[in-house]
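Data first, discussion second: the structure below is written as structure tokens.
Labels for the chains are A, B, C and D, by order of writing; each one numbers its residues from 1.
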Amino acid sequence: MAAKKITLNMITCRTIQQGVGMEAGKTTQKYFDACTIMHMHPDDMKKLGVWKNTNVKVTSSVGSVIVKAVETREDLVPGLAHIPMGPWANRIVPAYTFSTGEPCFKGFPVDVEIAANERILGAVEVLQDACGLIRK
Amino acid sequence: MPKEITDVICPFCGTLCDDLIITVSDDNKTILGCKNACAIGAEKFNHQRLPGRVKRPRMRQADGSYKEVSYDEAIDWTAKMLVKSRKTLMYGWASTSCQAMSIGHEIAEKVGGIVDNCATVCHGSSLIAIEDVGVPSCTLGEIKNRADRVIFWGCNPAHAHPRHMSRYSIFPRGFFTVKGHKGRKIYCVDCRYTDTAKCADEFIQVQQGFDYELLNAFRTAARGEVLPDTVGGVPKEKIYEIVEDLKSARFGIIFFGMGLTHTMGRNHNIDIAINLTRDMNDFTKFAIMAMRGHWNVTGSGQVLGWQYGFPYAVDLSRRDQARHQTGETTSVDLLNRSEVEACFYIATDPGAHFPVDAMISSSRKPTVTIDPHINCTTEISDLHIPVAMVGVETGGCAYRMDNVPIETRKVVEPPEGMLTDEELLTKINQRVDELLKAGA
Amino acid sequence: MSEYIIKNGHVFDPVQGIKGDKKDIAVKDGKIVDKVGSGAKVIDAKDKTVMAGALDIHAHVAGPKVNAGRWYRPEDKHFDSHKKPGITRIEGGKSIPTVFKTGYEYARMGFTFAMEAAMPPLYARHVHEEIHDTPIIDEGALPVFGNNWFVMEYLKNNEIENTAAYIAWILRQTKGYGIKCVNPGGTEAWAWGLNCLTIHDPVPYFDITPGEIVTGLMKANEYLGLPHSFHVHQNDLGNPGNYKTTLDTLKLAEGIKPKNTFGREQVLHSTHLQFHSYKGTNWGDFESASKEVMDYVNKQKNITIDTGNVTLDETTTMTADGPFEHHLHGLNHLKWFNVDVELETAAGIVPYIYDPNISVCAKQWCIGLELALFAKDPMRCFITTDHPNAGPFTRYPRVYAWLMSKKYRDERLNTFKNADKVIAGTHIGGMDKELSLYELACMTRAGPAKALGLGKDYGGLKAGMNADIAIYNINPDKFPSSGAEIEKAFSNVAYLFKDGKICVEGGKVVDMGKKHTFWVDAKVPENKQVMHDIREKFLRYYSVNENNYPVPESYAPHQHIITVDATKA
Amino acid sequence: MNTVTLTVKKQPELYLECENVNPDAFAGKKAADIAKLGAYQGKETSTLGDYFTIAGEAGATAADTKIVINGDCTKMKYIGAKMTAGEVVVNSACDMYTGSWMKGGKLTVNGDVHSFCGLAMAGGEFVINGNAGNYLGAAYRGDWRGMSGGVLRVKGNAGSDVASFMTGGEMIIGGDVDIHLGTHMEGGKIVLKGNANRRVGGQLVKGEIYVFGKINVMMPGYKPVGEKEMEVDGTKATFVDYIGDLGERHPKRKGETVYGHLYMKK
């Protein structure tokens, strides 16, 4: 019986696809595809009972974001998850800097739950939404 | 007749490859091809001719839509914002030329800005560490010509600096390294088995966030002291074995990246890695280098260095003194604490790369973003001023990750009537002077 | 362009042998002239001292290591970064001022030229970016050659002509001024964590010795007939007993004759000699060797030196002598910065506190002053602090005061913690000499100008020379009795003329002038061999392409290019 | 001793730089002159009088001047910074640099303080009757000279990077600390009554750290060498004596290597 929600240690890093997407343009499909994914370890996917390429809701101390769970190429250890850097990852990155200027981009706890039917917002949308700039 | 431009510098990452060959149309307007660049660099040159590129400034309207305005209107609005604000965050600079930065600093000194660059969320930790303990380093050619031990610690050049391994660190044959890769032993220390780790002779998997402890263990082992059975998931036998191998190097180098700067302890992870490097110099020759990200983030640190004596987070808000305190005058802290009244972003995209809470704070203030393309930040700014792409549509000096400066090349003309960063900042500077004179 | 007449000043000009006589100096269109029209603006220099603008022959003021020293030491300016009223920018930094403060402070002290003492060719673009941003003063930069792979490979076979051709190429690529040599061979050895401490230690893999490098570079310099001579920082800097290596190096100049059209008479300039004039075997029995060294220098006419005076401040040491900085870090454990530069050189940086309570520091202070006081020919001995190594250049006025007032320096000497020990290990206690204003003019103006090959236009007040003029509030007839007053007078000029324009008035910067970048364009016979070697090395060993190596024209908008022609050599 | 009382009458929109709020700046001044002293928000220069009502007058010297501050100082920096003598009592929380570069006198904050407080403190007494932020009693960026003297007492918790590069003096923390306590320490004494998160005494050359609570993860460079019965800040207890950081250099005295000591209460 899979858990409804699991807690993982989140890191956000550059990937070459993210780099290519970024240079192609922040509003391009390339960028969207590269950054709206969360790399997970197969064991964690089993634990959560989530299939590859299913949308999940990732929640940290600062908020939630919807991304697509994928099985990682660059192997992670169980318990460690990775979302490529970008507005989606930063939707959940704690801004606390320990007075060093550097926020907590790597190594913060997140809860992950299946959100198969929830939509992944666009790059600009995810930020404007957070900033309350989208007229509802 | 299309022509080839050689020795072109790639304006993407700190590797600053300077051997690209770009084919351009004979009217110097379009890039037709790009040789030698990595996937990311090639994409940057391709981007120049993407359809739908914004060619004039855009001002956000009450209904949230954007309306095209003239450069003059945009310059006037920006100058007025800067003169009015008591404290302005002037962040970015990593993707523009040193010449442009100089003009920006002159403006900041007049209007009371805080000049910060992308190191603030990247290698800022490394700069703090170097401020604290210095750094024994070298130019990239030294690695190619001499290094026989190469350690990638918390960095992933296979993804972030794609040509680094072939140009400098793993594969090239140099004067004293005629065997190339065969003559080098490559280590990779990371919490993930990255694509860089796959190129290494040995991968050491460290528990995420335990780099400081592991580096402390390396130093302790180097002094022949006892260790706990495992440190950060690495057995002590392995640690002793590696340390002995490093001591036997002729020339060793540690490359490190976000894996150290972003994780728990931040600057301390680099600080102690530098100290390990220093220790190794008692046995042989060792160097350490930060894998700087943006192609000219290093340049911003250099120009701020010779003009004010600090590498980033330079607070000129009092106008009669320059101050620097990471944790106070750094962008994310300023935004978290809402300590600035206006935001001026140039050649960067904090919207995509700052934590959301910082950007929420930013979005509540008057904001101008100067960037060649639409990005996340432009879409939460009051004003977006497009400019020519530096290193593609205009030249200018840039500093490589090892602080070697290289003058970038212009390969094509910018879109009709589009200003460069230098031209735009010069006009803003003039407008600021007029306003200050008028006592606005 | 406006005309000036500087009236009734006490003029000190070694070029014309004027020793304080009241004399009017006329200025027109940036030059000193015999007379000007009645419309000329009158500057009253009554009871003031008039000298040419001073030249600093050796200072680290621009470039990669200088800047690293700046930004990795925020604590050096956290409370020392201020904007003065007027047209100046914010001025920061104590031991390593920012480019703005560097230009202003030199000008306020009456300087119009500074030579950046060590430019790594690969980093030349950086050096020139900083020179470009440094206001008022003229500057040049000396590329380093003493550990350069081309140079060592050519000189191994005694190929002077190829060495010269390569040097000429580098000077053009880097907009360099002359030949600097730092710890010959030792810095290349440092790339393997080693060093060369005598002129006979072999350089690893290159099958050559420091002595051969020094001799070869001296010959190449005269082959080219460059305005400045070979400029050397000898091996074994900063260690007790090193004066032997110093003398060994200086002796290499014997029999080599100057060949140039600039009136330069030396073939070797030995820099910051203070750091190379140590006796003893360790820091315990450490003693001054200034006498031994200066006795030789005084009789050897083809050598010039600069002092490297310790100012007893907290400062930041920086040198292309990489192994020395590593050694120093081992002594004081303060933050160590090092950069090895492919095929060319290296550099190290370590903060250092010259503590008057530590007798070694006090003795170093003595040795620096002794060199200047022992010098028989003030035209061959120049005052420097090897800024910032022995102290910041902003301390020149204090060094002058120590040299010009025995009372002032004895006050300092006798209040050292271990004064007896210090006096016993040095000569200064017994020295009564006080430098005259005329000697000072030799050591800071005419002398360095001549040694740099600039004597025709700079360092003097003769009609036709460039109108770089410093006017000090010093009345030679009532020379200040207190050292503090001497310091004050030299810290802030009454007037500074740069290219005939008033840039400083009453110690206040009033005009940024028009700074020039000096470099030397040496013409040599076409040399296919060398051009091929350069192509080869860039293809195989450098990390930048040959076409991205030169300094772009835009980096030096106001160039003062000195051309020499060695094609008839 | 004369007392000057400051009462906040206006809150700054940003943060107010109060570098003139200390006995040295007030000495010899009447309320009216004190009101004229500068206070800064970015490029805007105003006066203390704009933000405080000022009562009483200062003594002739800093030593005989006492300052009492009432009202909310949460957004005020540099209070008591660089003070050399006299007394300051703040009945509020304060922002950054409170009591930094302090050389003498007594500074009491009846509330929390933000980061960079007590930086490079050289003397005097600094009491925080609340919690402290990060870099408490640490060195300024790049400096190898952190807290070198005086006594710094925190009633509550402190953040990360506490007492970095400490070379002397004494710091007592009543509660817990976050990561990196006493990093690069080269002298002085730290007493931690509560728990430490991680990385205690990393790269420590010399000095003493006493921990009454627990440390999440011990640095590998520390090794137990015995137990000691001691009285620390009024409490008698048995401590396990660890020497370290064994990965760091250590000075020698009479041929003997001098290690740093980490004392863990049993």
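Odds and ends about this structure:
As a working rule, a contact is a pair of C-beta atoms (placed from the backbone, for glycine too) under 8 Å apart; a residue touches a chain by one contact, two chains touch by 3 or more.
None of these values were measured; they are calculated from a predicted model.
By number of C-beta pairs in contact, A-B leads over the other of A-B and C-D. Distance from per-chain Cα centroids to the pooled protein Cα centroid is smallest for B. Once the centre of each chain is set as its mean CA position, subunit A and subunit B turn out to be 23 Å apart. The centroid of the Cα atoms in subunit C and the matching centroid in subunit D are 44 Å apart.
A straight line joining the Cα centres of subunit A and subunit D is 39 Å long.
In terms of their C-alpha centroids, the spacing between subunit A and subunit C amounts to 57 Å. Counting only residues that touch two or more partner chains, subunit A has 98-99. Multi-chain contact residues of subunit B, defined as those touching 2 or more other chains: 128, 131-132, 264, 319, 324, 326-328. Residue positions of subunit D with contacts to 2 or more other chains are 115-116, 134-135, 140-142, 144, 179.
Taken pair by pair, the chains that touch are A-B, A-D, B-C, B-D, C-D.
Within the complex formed with subunit B, the subunit D residues making contact are 13-15, 17, 40-44, 96, 115-116, 134-135, 140-142, 144, 165, 179-180, 183-184, 198-199, 202-203, 217, 219-221, 223, 245-248. By the touch rule above, subunit B contacts subunit D in their complex via residues 85-87, 111-112, 128, 131-132, 212-213, 216-220, 222-223, 225-228, 231, 264-265, 268, 271-272, 275, 317-319, 324-328, 337-341.
Per the touch definition, subunit C reaches subunit B in the complex via residues 62, 64, 66-68, 70-74, 76-78, 81-83, 89-90, 92-93, 96, 98-100, 122-123, 125-126, 129-130, 133, 149, 190-193, 205, 326, 329, 335-343, 346, 349-350, 540-545, 547-548, 552. Those residues of subunit A whose C-beta lies close enough to touch subunit B in the complex are 9, 11, 13-16, 19-20, 22-27, 62-63, 73-77, 80, 82, 85-87, 90-107, 123-124, 127-128, 130-135. Of all the residues in subunit A, the ones that touch subunit D in their complex are 98-99.
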